[in-house]
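Both of the next two complexes hold chain A, though its partner changes from chain B to chain C.
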Partner chain A sequence: MERIIFRVDDRFIHGQVIEGWINHFSIKNIILVNDCIATDLNKAFIYKSTMPRNAKLEVISVDSFLQLDILNEYKKGYLLIIVGSIHDLKLISSNIPKENSYINIGCLATGTRDISVTDNCFINKDELDCLINISEKNSKNIYAHKLPWEKPINLKDIHDTQIKTIKMKG
Partner chain B sequence: MTNRYKNKYTIHEVDIYNLFQLFWFGDVMVNIVILTHGMFGEELFKASEMIVGKQDRVEILSIQDGSSVHDIATQLEAIITVNGQYGNIIFTDMFGGSPSNISIGFLDSGKCEVVSGVNLPMLIKVFSLRNNSDLSVHELALKTAKAGNDSIKVAGEILHKDISDSK
Partner chain C sequence: MGDIMKLLWKALPTLVRSIFYQANWNIENMQGTGFSWLLKDLSKRFNIGVGDIKGNERADYFNTNPYFVTFMLGMFLKEAESGKAVDQYKSTYASVFGALGDTFFWHSLRPLTFFLSLFIALYEPMFAMFFYLIFFNIFNIGFKFLGFYLGYNYGTNVIELFRTVSFANWSNVADIASIFFMGGTLAITIKYISNSEAINSISIFKTAIFFIAGFATSKYVSAPFTLIIGVMIVTVVMLLQNI
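Right, the complex of A and B next:
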């Protein structure tokens, strides 16, 4: 697994993230990038209190993240960066390192989203297009990947299937 | 009285139901909410009723795959609001999980407490103690959590200790 893991998850930090990613890879540094939580001390405290021993969570805004020199400030070990939406991933995409980074999508609730990627990951056409755009700009695949030991799903495959379906209907 | 909120009742509708319940039962006991992943809470509650009998003022909420955390929080807020005057204890399955993270946002000193790691002895304890008006919501939560902790045993350790003590 690449050293710097970016994850989109609308539940931010929860069981799958703690057990599946933080504990599995013994991740010591976690950054939650969200403008609302960064200014809400209570919410930030809730997420910080859930961290396993030896794991440190920082909650910062999108702007603060864009100022970070990730590769130099976090030289050793795994780094997990969590955002709550594909929109936020797009906002921080200019600061995704080309090397040693992996982008995955975790939980995204159904709502009005009509594309079911996994049993707990749903997206709409605009979000899929946005992900493909980020993927192409950063020259790396983006995967729906609930847990590290499960098989990841390349969002490009979902995108290609969507295009084929549209063509068949047309 | 489980799953009343699954169909997203409005606060107004819930309030009318609550007034009816107060008139009908005439009680002022602490309201219990069980919020877990999947159907764990539902089944755990059924198991507790097998031991302590039918229980009122209990609400079950579950987070399923694809559930919106925002929707669950809205349903929880409706429950907490209408039962606020009696106090609420929210039981969740795992500290750090989504049910727990959502619930902690509703912590309210003396009125709403959150207890994670719910198990059967905890529910049995809270159902047997919540009619005791001398206990505050916080005290009730502490006693419940202790019952849950004390109930966790490794049988081999108990046996080993008993044998060691008898020598």
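Right, the complex of A and C next:
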């Protein structure tokens, strides 16, 4: 697994993130990028309270993240960066390092989303296009899986299947 | 003390219902329907208008650790009574309790219960079976009842309590205890083997395989099934010693 992990998860920090990612890779630095939580001290405090020993959570806004020099400030060990939506991932995509980084899509609730990627990850057509765009710009694949040891689903495969389906219907 | 009992007695039917609230779990809103069902019942029992508890009107997306749901019920009740909008913390607390609960119950308590039962099963297999159910459910029911009271008492500040008692580190303590009992069980089993046959690499390997299988099973399967598998493994280990 690459050293810098970007995860899209609308529940931010929950059991899968703590047990599956933070404890599994012994991640010491976690950054939660969200404008609402960064300005709400109570919510930030609540999320920080869940951190295992030796793990440090920083809650910052999108703008603050864009000014961050990730590779220089976090030179050693794993770094987990969590965003709550594909829209936020797009906003911070210019600061995704070309090397040593991995983009993971975790939990995204159904809502109006109609494409089922996994049993708790749903996206819509616009979000899928956005992910493919990010993937192409950063020259790296984006994978959906809840936990690191699960079989990752390449979003490009989902995109190709969608295109095939549209062509067949057309 | 009287107030606690009064509160818990009044909420008892809702707390009992909370055992079944995941029955309508679905990928659309996860536990949302069940949580809404609990809130409706709670608002009826405490004479709070349905509209006073936000999120009650519709089954929104909701997912947390099932053993922590009563903390949220207590919190909702407290905030609804004081006229505060608790719903803005609904998703935050759902995620956070999911994280704390999954780490403690699934990662640590279940293996610990398994190893404790296994340790006891070496001497009293029948008692071990009951012990598993009793020990695990002390935490299950304890969290359900005490959680409701604490949620009601602390409201949205309940996370302070978790920090005060260093709850995030409880799983480390449980893990250490699990390893201790695993080692103890292994040592006693090897001693048992040595009394019935000569210790050799095959007998140690055989025992180790069973313990690894038991440990893995306790992590990935549901509690009652773990109990059955655990007892079966111990029985097989003991039977093999006699072959």
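In the analysis below, the second predicted complex is superposed on the first by the 170 of 170 C-alpha atoms of A that agree within 3 Å, B and C clash if a C-alpha of one lies under 4 Å from a C-alpha of the other, contacts with A are read in each partner's own complex, and residues count from 1 in each chain.
Here is the rule we go by: contacts are C-beta pairs under 8 Å (C-beta built on N, C-alpha and C of every residue); 3 or more make two chains touch, one makes a residue touch a chain.
Here the structure is a predicted model, which is why all the values come from computation and not from measurement.
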item: Simultaneous placement of chain C and chain B on chain A, clash or fit; value: clash
item: Chain B versus chain C as contact partner of A:13, first or second or both or neither; value: both
item: Touching partner for A:47 - first (chain B), second (chain C), both, neither; value: both
item: Chain B versus chain C as contact partner of A:119, first or second or both or neither; value: both
item: First (chain B), second (chain C), both or neither touched by A:109; value: both
item: Superposed model, chain A: greater residue contact from chain B or chain C; value: C
item: Residues of chain A contacting chain B in one complex and chain C in the other; value: 11-15, 18, 42-43, 46-47, 50, 109-111, 119-120
item: Complex interface listing, chain A residues touching chain C; value: 11-19, 23, 42-43, 45-47, 49-53, 109-111, 116, 119-120
item: Touching residues (chain side chain C, partner chain A) in the complex; value: 27-30, 61, 63, 65, 89, 91-96, 98-103, 106-107, 156, 159, 162-163, 168-169, 172
item: Footprint of chain A on chain B - complex, ascending; value: 37, 65-71, 94-98, 100-101, 104-105
item: Chain A residues touching chain B - in the complex, by the definition given at the top; value: 10-15, 18, 42-43, 46-47, 50, 109-111, 119-120, 122
